[in-house]
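Below, subunit A partners subunit B and then partners subunit C, in two separate complexes.
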Partner chain A sequence: MKRFRPLLWLLWCLIIAAPLVFVGLEYEWGKGLWNATLRTDRLRFLVSDIPAWVGGHWLDVIGVLVFLGAVVGFLKLWQLTAWVQWRGEVETRTRGRVRQAGAMIVVILILTLSCRHLADTQIEWGVMVCTYILLALGLNLIVGMTGLLVLGYAGFVAVGAYTFAVLHQQFGLSLWLAFLPAALVGGLTGFLLGLPSLRLRGDYLAIVTLGFGETVRFLIKNLVGEQSIIISRPARVPSLMSENAAWRWLFPDGLTRLKTELWVAVALVVLSIWLIRNLTHSRIGRAWIAIREDETAAAAMGIPTVRLKLLAFTLSAIWAAVGGVFFVAHNTSANPEMFGFGESVLILSMVVLGGMGSGPGPIVGAIVLYLLPEVLRERFPVLISYRPMIVGGLMVAMMIFRPQGLVGSLRRKIELKEEQP
Partner chain B sequence: MTILEATGVSKYFGGLKAVENVDLTARPGEIVSIIGPNGAGKTTFFNCLTGIYPLTHGRIRFKDRDIANHKPHVITRHGIARTFQNVRLFGEMTALENVMVGAYCRTRAGILHTLVRTPFSRREDGGTAARALELLQFVGLAGHADSWARNLPYGYQRRLEIARALATQPELLLLDEPAAGMNPQEVGAVTELIGRIRDRGITVILIEHHMKVVTGISDRIAVLDYGEKIAEGTPKEVCCNPKVIQAYLGKTYEDAPAT
Partner chain C sequence: MNGAVELETIIGGISRGAIYALIALGYTMVYGILGMINFAHGEIYMVGSFAAIVTLAILTTLTSASFGLAGCLVLSMGAAMLVAAAFGFTNERIAYRPLRRSHALAPLISAIGVSTFLQNFVMNAQTKDKVDFPRAFSDPLWERKLEIVGVHVALIQLIVLAMAVGLMVLLHLFITRSRTGKAMRACSQDKTMAALVGIPVDRVISLTFAVGSALAAAAGMMFTMYNGQTRFDVGYTAGVTAFTAAVLGGIGNIPGAMLGGFVIGLVEDLTAYHLGADWKYVAVFALLITVLIVRPRGLLGERVADKV
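Right after this comes the complex of A and B.
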């Protein structure tokens, strides 16, 4: 790999330079490159438009910067709390508690502020980012921690979503009541799929899950129908607008439905982070990582590998199902096409980009891969249509230059720092 | 009284008889060494004992329980732990975490306990960490608890692997060439460590090429060649056995190149 590095860099420069060349050079085929004329006027848009764009969208830009800043700040705090080395000492634990409380206060502050000052589009982004974070966190359990490649994650999301949709259609079940049955059905699906397939290793498992994802979509199409199921108003997250209620004290202006959804989404994400953090630092989390690192050695150290892989699979499916329920409630309708292979790949890309197996990795991945394209969508619609290509290129680049992901090495760095007293 | 009794153990890979009809017993508190040229089937024999390979024939009794063809994690829970010839640590974990993994089969906190980190799971985890630190100290890695396993020097990795195996609280420890690739000083330290493990009441079966280690601490030595056991006895008996000399030095003693 090292030998090819200069070549790869060259290739990379070419890929980046290509649009510049196409835009800025007037060139006719066959005339030779030296006859091309450089059209500086065309190139100028690349530079001159930036202030104008920022001017027109300053709210977006500031909002995104604040959001990213908040995320980084939160991660910083979290990193301090979560990645403190295990010592079992009371002192560290209390300090960790204080930091966790601090992190929570920061989150609540940011949420309150963003509910006041952000426009609906931006809150919508926030809700969707949280949904993707939730899903990516769940996928990371199986792909990142246990090291099993799952390509049909959207299938589990669909199971949860449709459990809710169908229960709603038949019995008028609301979102809150649907979480439990959806989690149960999702977990059961994961368990039943894992039972035969977890004896397979590597690529074979990936193929089985890929097939599963597609099968679920077609099953839904045939059993439930291709039309969307609409989730009616009372079954969704409520708006908190009525006067004289207790929460008026907390939110004097009340919360629109969308804003309440943001709070719920963030609560789900925080809860997930807490649960997953607990898992990571437990005997079960360590066993998962051991399986990922060396399955044979793990088995020889007394770890029932099949049972633990099954557990990871089931939990991951539960997370997907819960995410699916929330997504459908937010989206107000469920349609089989929302849970295609593309969605599985997108969530997997988030995990890979952020850093497989690292705690905050999936969060960063979800933010980068969902938020950035959305923010840039208005100005550069091209980005959305080319998203799969860009994501693909990004994945290739990550595999070559930073296989541990954007924040994958966070854990190592901190520990090295702590090692020197 | 025996703790381990393997009778007629055979393992074939297709036509290759990697282990053929090997008997081996170990009494509690003993150090038994297995020696033999490369490819003699020593590692394969360990893999059979620990359930990594299914047996072709044979019986293995451990503490009067038949464990042949049990799953590796079940065998470990019964009390057999091992290290690997080519060190197989969990590289992306710290030394302490590696040892804590070994405690998995001796801890009980289930998924619900660990998800919400109940006082029970927290207490258990604290105990695991404390015992793991103690084991790191025992093998002489006390200062390296937070180092990444893959960043440790080779000699430390071998000792970390022993600590990880000890964390499963074994009654029988299988060591596959623990002193391979070490300098004389480190070899001495490992020999001393094996002695201390035996002093803890743990039976040890040792595969080793360093004759100094083997003759120094073994109670008995078994010699494998081409999958078969060709000799067994005290260090003195085995070293003088003409079959053993032949296996090590070539066809006949006289043909061996003068050294």
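Right after this comes the complex of A and C.
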């Protein structure tokens, strides 16, 4: 009986969901009443269409399964190398560095060689994935490393994005000069919000940051306006090296805007990985982990907890602001609705899926949650509209079955599973 | 400033506040027992509002609304409360119970997952557009206006207020007078001790979620009737507003949630009237942050919130 319990729960969920799924509504204007209709199309969908579709597309299904299997296999291999590295304790740090540097060089080589052949949509995916990786890395600093749940991350992204958008609109500031002011304003916002609110305990802090995210959106709506700000960019970037033969081979049709963005985004991601890696292995990073594991004990050991939490908050806001600049530059418009709660949840779920507090975790999370639905968009068009639902379900499942995330550390697993007094 | 209009705004704020109080009760009851913020509570409220509209549609189609106006409304409210109670119960069993002994972040993230899931479930299952409350049921209640010394009060405002207060009184009696209510209070004081004296703690927690969700559904139905429409994302704003009410009154404290709800309703309507509708969210969030920082235990809370 116990083996069938999950199935019984599934059946129960179907039963309670049935009134909302199988009853359709039709408005009758004259009477001001809704008429109920039975959604037989959905019944048919469940009973006959899905099996028929799977029968017709079994190659696709097998392909997706193989891909997921390959991802899991790769992660296992990665963990294996980590284990080997852990056995040889003396060499740990250099070998870890060699491993990561090697992985990065391979990625950059693949990118360089394939850049010639990439279509515009693929470059666009690349830019967006890099943006999300930046944002996830930044959020991981505060959620993963310091253990403070921030639910209004999109608010910081909006601050950076609008700093750039408004400066661009008023003074024609270009993308390359916008990073500095955006990072400054973003960091300042994070610092100012952190000052009063970091005194609060975990779940209250989550609510305050959630409120902050919403407040930013409403303030932008009321102060800047609800219309989108259009960001005009040149289609082609002039380059000094355009006569070089190797350069011509790499970029046969010149340096387009998209390709420049991709390269800058990749450079920013590499820089962030390096910075964050060094930061987390430093005194500061160890102090963050201590705060995450037991704040009272950390304070008792002489760690200035408030100052360090504030630092994490500010840094994470700076990353958000830089990501935000990219976000709107790539979208060529900024709108307050782009930075809603859904965006915060998406970034948070990338961190959770990949592994809170792990180095490669947010990267894997961003790739899986952004790239997979986009790549599969043509084959499985439903996937994009169901993504938020899948994200929600995944967050619950991850917390129950694998709280440390796909590539999380054992240490984090023990921490998250440990019994609370 | 027109005195009568001001009074009408205040009355509108009070009936809106009564609805917030009903949602806030769910937050505060769960916090009282489990010490966690049930993020998905706003979504249960939204599910309740949809369930009420679907029930009304079924009633109109199958029985051509032969129960009369009041009968149909009461039936749909009952159905919405049942559906929402089932959702709340399931939510706790699947997403929170396995995580009860883990790190404080785990149930919170799980709750956000449930909230995202439910929102998009309703969006995919029903529609992403606004859904009107059937005019035939709500308009007669708006059109009947009572005039008391120059102040116009719509019948619907009085009905909403009366029903909300009635439900609150019922809840109060249930918690203070019944055996199960006593068990709930015992669990919220000390779960281990309650288990030792033979109280089925798990069942009490399930019941708390079911009762809180039913109250949220009643609120969802009344708010949709009052506002005229609902959408898959209404649970988010209503949830945060009601949570503010719960914190304002002192989270974990049931009379506090009721008081907080009324205060928030008044603040919202007065801000909307004096500054414009766009500012009311900013006002609510500003109030929330101020309360959390200046007086985290709220107006009526006795327990000091455990800040680290």
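Throughout what follows, the second predicted complex is superposed on the first by the 283 of 421 C-alpha atoms of A that agree within 3 Å, B and C clash if a C-alpha of one lies under 4 Å from a C-alpha of the other, contacts with A are read in each partner's own complex, and residues count from 1 in each chain.
Note that a residue touches a chain if its C-beta (ideal position, glycine included) is under 8 Å from a C-beta of that chain, and two chains touch if they have at least 3 such contacts.
Everything numeric in this text was worked out from a predicted model, so none of it was measured.
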Who does A:389 touch here: subunit B (first), subunit C (second), both, or neither? second
Taking the superposition on A as described, I'd like to know which of subunit B and subunit C A:320 touches: first, second, both or neither. neither
Applying the document's definition of touch, where does A:403 land relative to subunit B and subunit C: first, second, both, or neither? second
Does the superposition put A:375 against subunit B (first), subunit C (second), both, or neither? neither
Return first, second, both or neither, reflecting whether A:135 touches subunit B, subunit C, both chains, or no partner chain. neither
Considering only touches as defined above, state whether A:273 meets subunit B (first), subunit C (second), both or neither. neither
So which one touches more of the residues on subunit A, subunit B or subunit C? C
Does subunit B (first) or subunit C (second) touch A:303, or do both, or does neither? first
Just checking: does A:328 make contact with subunit B only, subunit C only, both, or neither of them? Give me first, second, both or neither. neither
Report, in rising order, the residues of subunit A that make contact with subunit B in one complex and with subunit C in the other. 296, 415, 418-419
Of all residues in subunit A, which touch subunit C in the complex? 9, 12-13, 16-17, 19-21, 23, 25, 27, 31-37, 147, 149, 151, 196-197, 199-204, 206-208, 210-212, 214-215, 218-219, 221-222, 295-296, 341-342, 345, 348-349, 352, 356, 385-386, 388-389, 391-396, 399-400, 403, 415-420
Touch list for subunit A against partner subunit B, complex: 85-88, 275, 278-279, 281-287, 289-290, 292-294, 296-305, 311, 315, 357, 412, 415, 418-419
What part of subunit C is in contact with subunit A in the complex they form? 36-37, 47, 50-51, 53-58, 60-62, 65, 83, 86-87, 90, 93-95, 98-99, 101-110, 112-122, 124-127, 131-132, 134-137, 139, 236, 240, 243, 247, 278-279, 281-282, 285-286, 288-289, 292-293, 296, 305-308
Going by the contact rule set out above, which residues of subunit B touch subunit A in the complex? 50, 52, 71-73, 76-77, 81-82, 84, 88-94, 96-97, 100-107, 109, 111, 114-117, 121, 124-126, 128-130, 145-148, 164-165, 168
